[in-house]
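One chain, chain A, links the two complexes that follow: it is found with chain B in the first and with chain C in the second.
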Partner chain A sequence: MYSYLLPEFTIERSEDKCIRCRVCERQCANKVHEYDEDLNKIFSSNELCVGCQRCVALCPTNALYVHPRVYDYRPNSSWTRDKVQNLKKQAETGGVILTGSGNDKPYRIYWDHLVLNASQVTNPSIDPLREPMELKTFLGRKPDTLEITFEEGKASLKSQLNPNVPIKTPLVFSAMSYGAISYQAYKSLAMAAKEFGTLFNTGEGGLPEHMREEFGGNAIVQCASGRFGVDSDYLNSAQIIEIKIGQGAKPGIGGHLPGEKVSANIAETRMIPMGTDALSPAPQHDIYSIEDLSMLIYALKEATNYEKPVSVKIAAVHNVAAIASGIVRAGADIVAIDGIRGGTGAAPLATRDNVGIPMELALAAVDKRLREEGIRHKCSVLAAGGIRCSADAIKAIALGADAVYIGTAALVAMGCTLCHKCYTGKCNWGICTQDPFLTKRLNPEITSQKLVNLLKGWSHEIQEMLGGMGINAIESLRGNREHLRGVGLEEWELNVLGVKGAGE
Partner chain B sequence: MLVQKHFESDRFIPDKEMDACGLFGVMNTKGEKFGGSMAINAIKNMKVRGSGLGGGFAIYGLYPEYKEYYALHIMYQNKNLDAKRRVEAFLKEHFYVVYDEEIPTNPDVALFFPPIVWRYYVAPQKKSEDQAIPDDEYVVTRVMYLNTNVDDAYVFSSGKDVGVFKGVGFPEEIADYFMLDKLYQGYIWTVHSRFPTNTPGWWGGAHPFNILDWTVVHNGEISSYGTNRRYLEMHNYYCTLHTDTEVLAYAVDLLMRRQNLPIEIVSKIFAPPMWDAIEQMNENDKKLFTALRMTYAPLLMNGPFTVIIAHHNEMIGLTDRIRLRPITAGAKGDFVFLSSEEASIRAVCPDLEIAWTPPGGEPVVVRMNSQDHLLSVKKSI
Partner chain C sequence: MNGLNVKFGYRDNFLGDIRPVDELIAEYTVLDGGKAVINAGAMKHKEVNDVLREVALRGAFEITVNNVYGQRYIGTRLVLPREYKPVKIVINNFPGNDLGMFLKGHQIIVNGNAQDGVGNTMDDGEIIVHGRAGDVVAMSVRGGKVFIRDNVGYRAAIHMKQYKEKLPVLVVGGTAQDFLGEYMAGGIVMLLGLNLRESEPHRANYIGTGMHGGVIYLRGTVEQHQLGKEVGVRNLDDADREIVATYVKKYCEHFGGNAEEILKGNFIKLLPVSLRPYGKIYAY
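For the complex of A and B:
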């Protein structure tokens, strides 16, 4: 334990309410609470608490109150508490400060500065409870034109189409690997995607063999730098194959699943020996250029008989538009862009908080570039990183996304409280851990329903907002920036977003 | 193909204009020509649908003696003779001009700042490097060049044996001004009366909208405008008028002229069936309609619209997929009518044999020497 570090949270227990049931003690994997039999009293070690609120939520008498401890040092706008505390930690270890989840720094969240349009007078709004309101979306490459033949006045399709995957709602679960998250959490995502008719993403941890038949039809499988779990059967079991180049939470760096987490099942799924560290290199070592990427794209297409769209996921970095255009020209059918607020199981804090650009700007730039080059229809664009609610999702679509990836929002639906300690393996909510005592807290039957509810609720909200704009099919909003206006944005930001200011 | 006006950001693209309108079309399916009285009186009957800020006519079979030549109707705003000189220099360089004249107007009709309107009958004069370009493509490119590059000049129409007359005023005033009823005959007449909600009219902004022999009159507000416009830009159509009609006209040009799709298919792109309905179709249709919706998703025209599209030998009426702006069709003998309102058809043809209102997304296709328009009667409401 670090010396001289101040606790980040304060735990208050109403002694008169506490019934000494010891639930809190059992629930906290950080061993904050401890029961003293002699005194018949629960003691808490504040310095161990990460503020995950598990004990608070489960205390049967509401005796607990865990809240962030105020800034105890002399107030200082430059030397904030986390800067000071991190320095102290580093002074003791010389290590890299790790963190989990997504960037919590106050970069501008553009979603909160964009407002949507609605119909008044000149065109009618449409009530989604009375009229069809279509959210069906296709992911993949679209042709320039269709060839249609007529026989006795009957039209038939002659063109051969590139593979496209239909989803019932433009919401897709983003990449979270088995290993980074628990089997229960992973399976919940798969079950929810299947039930609702959308997709989940296996991340780079493989897809357990016994799940392939049942959930392959709703899976995006990743082929990442570590190539964990990749074989022909894995690729062919899925709907979409995604080459992971980068991740919004940690652009430019790889991943590291510590050996302690590599249990027998994970080892089998990832195709590595049990207990060994699973190291994902920073780059894919067979991709040092766009030509190399093209070769991998076509290798994967060959391996799957050109029956599956291939996606390439990149972190939103400075020249993301040019990169995306190269990716489409290299043959990708889908481009996924992960912004600076994207989540992770573990990343160096310095990288997570400082590398990359906001997804909203990246998305607008990519959509514009692809249109200018006349290749926007040759790929679908998936936007990821910091989509918190249906309004964010619909704004992303108006900015040009075909669909959005939701990661953190799905975790929150499963119980996550954003304590940012995913990398410790002690997730009290059973999501980001492999400890069977913790993972059994998630019951996929129940958790998957929460995820289905999330998809359902968001979809309804998207339908309401679409109807308000007088639009009854989601494709008519895609890239339709006329339906967005900016509030409180600088001139250059409006220009990059390609959106007029409110009242303009 | 067309000329792009470069905007540094989408933010600087002007707002689109909004309008509500009345429209009417009549065609003789035997190709017999008739005067303008039906079109003029029908649109007069729908006076409340216009506001006197825009009206216009398209007439097919207009110039039989020059039907081998592209007939360019060009207006010069503010009586700008310098614009006229520039346009004529350009025409001389790129076309053979076989005849030109000022379009005659009635001096007794006072309208809002009338421009000079001139017509030129031309044939392409291609340089050796242009030989491979089809005539139509060649003409479209030149017309777009004029529209985007010469201030105060605007090409009303550019087809063969067809012409557009339009301006700021009620359509019957425009008809009087150009003396349509006295001077011209055609086998298709379409007419439009405009009610702009957010801009004062200008002569070029009135309907019909034309490319080559295609004309479009339209009523409605397309909520998918931004999506449609961006898709068309990818195919080198740059919207200079910022109206829904322009988007529809370009989409018609892309799909029907360049991609050669028949209106029966194109209507299912503009106003596709619901996914629920596609689910119920037979395998062949399911495959076709899924591919159409998937591929042409950006050309779905979402929101209320009625449109009358015409080109030689064909006049088509279509309304949006949930019929927010209905269209009515009627027929008597060889005459087929399309209109915003049934009353205006009956006003000019009291002994109509049949009148019907097709459902959303179901085109009424009026073809020369055919009864195809009756196909939509069965499905009518």
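For the complex of A and C:
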């Protein structure tokens, strides 16, 4: 432990409520609580607490209160508490400060400055409870034109269609690998995607063989720089193959699953020896250009007999629109854009908090650029990074997304409280850990239902809002910026987003 | 505008104007029981692979492809149903990038030079190149064997892995360029230096940078500064010598040469000094 760090949380226990059941002691993997038999009393070490609220939620008598400790140093807007504390940590170790989950810095959240339209008088709104309301979305490349031939009164399609994958709602679970999250959490995502008729994304940790038959039909599998678990069986077991170029939480850098987390099962899924570090290089070393990317896209299409759409996921960075255009021209069927608020299992804090751009701006820029070039139909756009609720999702679609990836929201539905300690492997909620004592806290049967409920609730809300706008299919909203207005935004922001200010 | 609603032109180099596979087979293929000869002279990348897959599905397991001039991914699409046995493909002469990418147990023999990405992320099988090969040879391979008669380019064997019974091997008769075995996590690489002059060192720099598994056997000499800092140099022990002898003999079976003469050369063994090269750079 560090010498002069102040605790970040304060734990208060009402002694009169506490029944000494020791639940808190068992629940906390950070070993904060300890029972002293002689004194018949529970003691807590505040400095070990990460504020995950597990003990609070499980204390049967509500005896616990864990809250952030106020800024103890002299107040200073420049030298904030984490700046000071991180410096102290680095002074002792010389290390790179790690963190988990998504960017928590107060960058403008454009969703909160965009409002949606509704029908009044001049066109009727639609009630989704009684009228059809289509959320079905097809992911993949659409044809330039549709040629239809008529023979003896029968119409048939002459154009060759590219593979498309239908999903029942424009909500897809984003990439979270088995290894970064527990098997139970991973399986919950797979089960929920299957039950609801959408997709989950395996990340780059592979898809366990025994899950392929049952869940392959709802899987997006990743091919990333580490190429872990990538072989033709894996690729062919899925619906979509995603080339991971970048991740919103850590654009430009690779990944590193430490050897301690590479258990026997994870080793088998990634096809590497147990206990070795799983290093994902920063670039894919067969991709140094758009031409090289094209080569990998078609290699994956070759390996899957041209039966599956290939997605390319990038982090939202400065020239994202031009890059996306290159990606589509390279042959990708789907472009996934992950913004600066995207989550991660582990990333250097400096990168997570400072590299990349907000997804809203990136998404709008990409959609606009692809339209201008006349190639928007050649790909589906998946928006990721910081979608917190159905309203964010529907606004993303109005800004040009075909569907959104949800990661952090799904984790929260499973129990995550955003303590940002995913990289420690001690997640008390059993999500970001491989410790069997902790992972068994998640029961996929129950957790997957929570995820299904999330999809159900959001889908209903999206239908309600669509109906309110007088639209009866999500397709008609895609890129339809007339249904958005900006509030409290600067001119340049409205321009990039391509939306008018409210009242205009 | 090009008549469709696409501005600035959009060309699909892979899928544009692909001819039906039956037409290609009728015109350019001689299929005789288990044997097939394909004339790839006028075919696009995808067409070659369409035909290859189709003749394999029709039962050919010894396939010769003539007039190959840069077509990519040869062998990649041969993901055949379980009852099919592995196929042997002879390529005359110059296959394009990503030859045998994701290869699943087949054998590919190239009578000529190969380009970049030979055996990229290969799973199993064998690729034998009677010539040289370009960059990223055997990148991320997890199984199977790759033999290159002459030199290879940059980043050969990068991120090679091994797992259980899967132990990939890359044997290069000549020498390699920089970043050989970068990020290497498993498997065996052999660099024989046969085309180097007497006492001429290998030229590659950054050999084994980030290496955390596997082994590189190198015949000839390198200076310490040519090696990544994660790499240690050892002499061969008996077990090593046995491995080296096995693959040198294999090499000579494929390409000729005197195995005993080659084995008399000076071999060193490069291996990672740590399985966790980046274990200590973080503050928790």
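One rule holds for everything that comes next: the second predicted complex is superposed on the first by the 504 of 504 C-alpha atoms of A that agree within 3 Å, B and C clash if a C-alpha of one lies under 4 Å from a C-alpha of the other, contacts with A are read in each partner's own complex, and residues count from 1 in each chain.
Here is the rule we use: a contact is a pair of C-beta atoms (placed from the backbone, for glycine too) under 8 Å apart; a residue touches a chain by one contact, two chains touch by 3 or more.
Small disclaimer: the values here were computed from a predicted structure and weren't measured.
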Once the structures are superposed on A, label A:N76 by its partner contacts, choosing first (chain B), second (chain C), both or neither. neither
For A:L494, decide between first (touching chain B), second (touching chain C), both and neither. first
Scan A:T145 for contacts with chain B and chain C and give back first, second, both or neither. both
Applying the touch criterion given at the start, work out whether A:R481 contacts chain B, chain C, both or neither, answering first, second, both or neither. first
Who does A:H256 touch here: chain B (first), chain C (second), both, or neither? second
Contact-wise, after the overlay, does A:G374 reach chain B, chain C, both or neither (first, second, both, neither)? both
Figure out whether A:S119 sits in contact with chain B (first) or chain C (second), or with both, or with neither. first
Touched partner set for A:I97, first chain B, second chain C, both or neither: second
I'd like to check the shared interface: which positions of chain A are touched by both chain B and chain C across the two complexes? 145, 374-375, 377
Which bits of chain A are touching chain C when the two form their complex? 89-90, 92-98, 144-145, 225-227, 230-233, 235-236, 256, 258-259, 267, 271-273, 275-277, 279, 281, 285-286, 294-295, 298-299, 301-303, 305-306, 329, 331, 372-375, 377-378, 423-424
For the complex, give me every residue of chain A touching chain B. 119, 121-124, 126, 131-132, 134, 136, 138, 142-143, 145-146, 148, 150, 154-157, 159, 161, 164, 368, 371, 374-377, 469-473, 475-483, 494-500, 504
Chain B - residues contacting chain A, complex: 8-11, 15-16, 18, 20, 197, 220-221, 223-227, 230-231, 233-235, 259, 261-262, 264-265, 272, 274-276, 284, 287-288, 291-298, 300, 302-304, 321-322, 324
Give the list of chain C residues in touch with chain A in this complex. 1, 4-8, 10, 12-14, 45-46, 49, 53, 72-73, 76-77, 79, 97-98, 101-102, 104, 116-117, 120-121, 123, 136, 139-140, 142, 155, 158-159, 161-163, 166, 182-183, 185-186, 210, 212-213, 275-284
